[in-house]
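A single structure is presented below for examination.
Just so it is clear, A, B and C label the chains in written order, and each chain counts residues from 1 on its own.
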Amino acid sequence: MSARLATLAAALFLALGAGAARAQDRLVVFAAASLRNALDEAAAGYPDPRPVISYAGSSSLAKQIERGAPASLFISADRDWMDYLQKLGLLVPGTRHDLLGNRLVLIAPRDSKIELPIRPGMPLLRALGGGRLALGDPYHVPAGMYARAALESLGVWSSVKAHVAATENVRIALALVARNEAPLGVVYETDARVEPGVRIVGRFPASTHPPIVYPMALVKGAAPAARDFEAYLRGERARAVFRKYGFTPLN
Amino acid sequence: MKLEVSVGKALGAFALEAAFASDGGVTALFGRSGSGKTSVLNAIAGLLRPDRGRIALDGEALFDAAAGVDVAVHRRRIGYVFQEGRLLPHITVRQNLLYGRRFLHGAGAVPLDKVIELLGLARLLERRPHDLSGGEKQRVAIGRALLADPRLLLMDEPLAALDAPRKSEILYYVERLRDEVRVPIVYVSHSLDEVVRLADTIVVMSDGRALYAGPVPEAMARMELRPYLGRFEGGAVIDARVGEQDLEMGLARLDFPGGALLAPDVDALPGERVRVRIRARDVSLATVRPEAISMLNVLACRVVAVGEPAGASVDVQIDASGTALIARVTRKSVAALGLAPGVPVYALIKSVAIDRRSVGYA
Amino acid sequence: MLLSASEIEVLGLSLKVAFTGVVASLPVALALAYLLARVDFPGKILLDGIVHLPLVLPPVVIGYLLLVALGRNGLLGAWLAEHLGIVFAFRWTGAALAASVMGLPLAVRAMRQAIESVDRRLEAAASTLGAPPLAVFASVTLPLILPGVLNGMLLSFARSLGEFGATITFVSNIPGETQTLPLAIYSLTQVPGGDAQAMRLCLLSIVLSLSALVVSEIMLRRARRRAHGA
């Protein structure tokens, strides 16, 4: 009886193993978490075999690439992390392009009644009412770094920095607000638009933070198919999708 | 077969220091619980490593402390029947029996069918050990050890864990084993009955030492061994041959070097060898040959020694032309008859005292 | 179709990773269990402690240590990749390795208990029947410890199915390659509107673990009955 069960298990395992297309044969793309919905839809329009996309905070992705992760293409949410890899010589020279732009917004749960105009000295701490401000890690994650820059230039960072819920990527911050775990959060406008559980309280003026740019580049050792996909993302079809989600396609 | 054993080992507070030799047949290791019998058996099997000494079988050293020899257990080809049977619980009786076969180079000396027939295992073959009674387990254990083709068979109190009916059942099988399979046996027991029935040689052990090693009848007659053999059991053992059967009266004449005994209901044919136990308390003494008494057995003897008194009675060792006997009489009688070494006496033994259980068959 | 294509992919990968991890760790676990149960040697307590480390250390620590040692640029990892072509980092093999390391202490404990409860007198009896030590192990010890071995493998399997911290640290979160069930659920919690799907995968996780436990219990009972001769 146990011999038969073991054989069955082995057969099942082999079947599943053989069946699941191995990611080594497919193109692997590392992309910032905030790109999720838009990039998934853009990639859906790409002919098979479709690339495999791994989403996380740009800082995590960059460190993984540094450790030899098999990504062919990297799309970061800020220039710093792309620079980081470039300095380490891990990018294919001449393949770096600025792909998209974005905007930073202050959000609250959908049913929240908070009104808070964004201007210098705004009463952010009071508005938090004892809760925490959800944002990406303000020292590593691009969305968090942009948020910190904006709050610093508005003069309110020092008052709220001890009341922050720092997350590994911006989408976790988004989820915290959507689930009413945090009364307020700072995310990209594109994130707020895909999450029906939040409402936008205000937009941070572009002058309060460095321009939000999503650079894209091929990683050293990239599969040849990567170039096609990279070109596709800069093409009109993909740009239309990005625009739909609220990104600003750059040249 | 020649077995030479000389072992020394410190076992906690107990010191084992035993030496004896045996020439085949059934050698009994006899003594009280804790006298070291099982330790000696384990040393012979290789399951216990002595600190000093030598164990040799037919001249080949199995263990020699001085020469640094210690043959591994699985290479000694010494069968072991354990007190608790130790059958492998996850396989059938048949598989248990045949377990040792696959490690033999060539066929075993005793065929499977013979062992099954000898021990009555036919109905049990496809059962699992937990389905067997105590007696059945022991029979399988014996069969299993035999089928591994041993040069020597060790048995550690194989009857101890059984109830009375089971005991005689297994005893019967061990006797058949002794008689039909030519493998020497070392048999550990604290029951003198078993030893007297089965053994040719007895090694008397006490407190880790072997006090005496020699033929059973001789040991029984030795006064100095009385304390170790158990006072109630005291008596003599005589190896005799059936001379004549009086079928009408139901008596048999048993001939032995010192004379003849008449015993009732002896289930043997003329010419067959039997072993007879004469308990000391069944032997009376007279300095004059008595007349008109019911006792049929009157043997002319000579007093060899008078033992230490125990209460009102005392054991007197007497000799009937080379055969030793023991008589238990009162101190008063010893004094009245003037019994002392050298005095001629007549030993009086009731025929009916030599009952069925006193006669063992060779 | 009860499950979507991507859910099947995640399920298949989880099973593959857990199964491989358990099978690969079996000889190691058995050897360690035997060593700890039967052999006395200097430093035994230390070995026991090291074996139990994955039980008490944060999984992230284990994942990080695996990365340092076996990552592409790691001490051993670079050598393995260059000379033997074996790569663990960011591969399902790495996920399987993380799973087997995390499950090892559970397997060793269960197997050790089983070995310690074997009646050594049975082994002694077998050797008097002529069986050399290896044969005694194969024909007496192994059948008797089988229930314990199965139990250990099963506990290790269940642990592997739920392994997260070491996996995401060592091999990250690549769909189709290292995104096992727990990682997929984690990703879905970050997707707006992904709660429904996350819940589906949670239920799948429960069904999987429960099935594994039930199957093992059945197998365990059968093996136990067989070992005690029913």
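What to note about this one:
In this text, contacts are C-beta pairs under 8 Å (C-beta built on N, C-alpha and C of every residue); 3 or more make two chains touch, one makes a residue touch a chain.
Bear in mind the structure is a predicted one, so any value in this text is a computation, not a measurement.
Chain contact topology: the protein chains form an open path, each linked only to its neighbours in the line. With centres taken as mean C-alpha coordinates, the chain found closest to the middle of all protein C-alpha atoms is C. The chain with its CA mean position farthest from that of chain B is A. Centre to centre, using the average C-alpha position, chain B and chain C are separated by 57 Å.
In this assembly, the C-alpha centroid of chain A lies 90 Å from the C-alpha centroid of chain B. A straight line joining the Cα centres of chain A and chain C is 33 Å long. Shown for chain C are the residues that touch two or more other chains, of which there are none. Chain A meets chain C in the complex at residues 1-2, 5, 9, 12-13, 16-17, 19-24, 26, 28, 33, 36-37, 52-56, 60, 64, 67-70, 169, 171-172, 174-175, 178, 191, 194-197. Chain B makes touch with chain C in their complex at residues 45, 47, 72-80, 82, 84, 86, 88-91, 99-100, 103-104, 128-131, 144-145, 148. Those residues of chain C that touch chain A in the shared complex are 9, 11-13, 15-16, 19-20, 67, 71-73, 89-91, 172-177, 179, 187, 189-193, 215, 219, 222-223.
Per the touch definition, chain C reaches chain B in the complex via residues 121-122, 124-133, 135-136, 139-140, 143-144, 226-230.
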